[in-house]
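Letters A, B and C name the chains as they come in the text, with residue numbers starting at 1 for each one.
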């Protein structure tokens, strides 16, 4: 199989085992740790302001996820994010539930203002709310967005300087100039808790393994999506699907990614 | 299959996907999120006093579980519980470890005094201690109760105005007037951590889907128990049992519940 | 099969179901709870300084794991550790990430100074750093140690009065006088998050079930390693390996341990 820009990043991840520092929610943190390993990285979770600046120095990427946010966690995220910024460590922000509560919306905005976020990854509702369009979030789930998701993602990326990933049946990835669509994945990914969080972890592993954020994010989503497709063929329901998702991503090769990725220009 | 009051609530849950707000322990929180999805609901976990009053407005039920309690969490539970009360959102309380420490016993009592708890669900030791009879709790496990569990549950329900669920080999559900016994379930449910917590989540999903607390709680326990029975036929041990438990509940239909429920009047 | 000192401890665990009090990280806490059950114990997780002295009285062993440490957690660990010490409850310390940050290194040292740690269990980098030899830790993974691991472990055990477990492809267990090597285990154990933490939990179950720390720790590592070997024969990847690990340990008998243990004197 011919190497692609996507498979090349995956091969780099598998070779270099980048450390991915997470400050994330307590619901899916174990899934994030394990999917990081399956994607080729090594996870570390640390949140104490007494150690995170020191811990993040080892990291190839930093993943911030506000799924179970409180004020102390915001301070930790700001501190570790600034330390990461000084070392040019890419930061992935997953604004879980932004739009559902003022705390989450404002925290996401503050993190984007005070830190140099490389990749903002959320569902349509979350990205829509942060982009300032008419969108709704119910709990941590998207409850819809008005307007064309591709245009919204592209415009917001161009304006903000971040690479934006709007996850959904088709994932949209844009830096404002290039906009790619990823059509890998399976509906069972919505039947378990944590696939969104795991996608952010995989995006972190790939961001640590290739400089171009659109390419690395697209590759991450395609790899995770192919793993989901393969897992679905083995699953009897959401429980066995989750088990197979780990197995499938761990078994995925760069060649499999090159062959299975369904990526197109928007 | 003829619809029953139990299967009707389950069908409603599957159609409406109620949001279930949890403040729960950090040990089994991921299991609670996933079982909520399998039962037909959508989970959200949020604990910060800076957002929970806003977050709970979306909820069909609130589940409070004191399995890894501390003082800050009690404050969060009181705040979110009062907000839920104002909106008539049913509250399920799982008093994990009440009786094992003064903190837990007193916290459970305070939550019951200051909030309008709809359903109190615990093991024999926990319910017994809170009912004021001779009972013991060792860690988070029941270490026995003196007296007749059915009478104790019925009497305590009548006196407290709550629907009481005493879980065990036979689950007992009572509002003081009606007392039902659920005989579904499997011993392997005791071989993994978290089945008690998961039962509270499923009880939350069903409470959001039917007004009568005895009927909804009984339906929840029967559905979860049938899922356990089916999972046991597929399991090689506790690890594969847990996987199959999620698969089995997700695959369970209202008709399966109508057919498989082993419910009788006490 | 002939009973061995190792299988005897395992049989005791299965009969007595010791309660294992954990203060551990939020990443793998669910795995720790479930593996404790699979090993024959009963887990309890409690961290609040308002209850831990009362909760630990039920415990057969205390497991402290600093994988997601902060200052409040150190205080909890000191308080519960002192209460455990007064009751001669053995304490297992897993110094996750010691050497990676000053907070973790200093916390591990403080816990060892102020508490009576029975068993210190870490990877080569963590144990090396604490023993004061040239060693490195990257995130929570060992990045190498200078010198002979067996000599370092033996010398450190002799000097510190603790039983030291240095985990690795071959696990080393020493009290300074006796040094044993455990060769059970499988590379897939490194492909999932939490096997180190789970090994500490199993070590806790066995410490609660036999007085001799070298024997109980060796037995624990052998039992967990055999479960890993058996799980590997059933696994298609890290996801299914983890499921099979729980199944395999739960199914393991004292006779299986006597037969499958690969233990030799260093």
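Convention: a contact is a pair of C-beta atoms (placed from the backbone, for glycine too) under 8 Å apart; a residue touches a chain by one contact, two chains touch by 3 or more.
All figures in this text were calculated on a predicted structure; none of them were measured in a lab.
Enquirer: Chain touch graph shape: choose line, ring, star, complete or other and state it.
Expert: complete
Enquirer: Tell me whether subunit A and subunit B, two copies of the same sequence, contact each other through the same residue numbers or different ones, using over half shared as the line for same.
Expert: Mostly different residues.
Enquirer: Quick check for you: after a Cα superposition of subunit B on subunit C, what is the rotation angle, between 0 and 180°, in steps of 5?
Expert: With C-alpha atoms aligned, the rotation comes to 120 degrees.
Enquirer: Taking each chain's centre as the mean position of its Cα atoms, how many Å separate subunit A from subunit B?
Expert: Comparing mean C-alpha positions, subunit B is 33 Å from subunit A.
Enquirer: Show the residues in subunit A shared as contacts by 2 or more other chains, in ascending order.
Expert: Residue numbers touching two or more other chains: 26, 30, 242-243.
Enquirer: Which part of subunit C faces subunit B closely enough to touch in the complex?
Expert: 19, 21, 26, 29-30, 33-34, 37-38, 42-48, 50-51, 54-55, 58-59, 242-248, 250-251
Enquirer: Per the contact definition, I'd like the list of subunit A residues that touch subunit B in the complex.
Expert: That would be residues 25-28, 30-31, 67-71, 97, 100-104, 138-141, 191-194, 235-240, 242-243 of subunit A.
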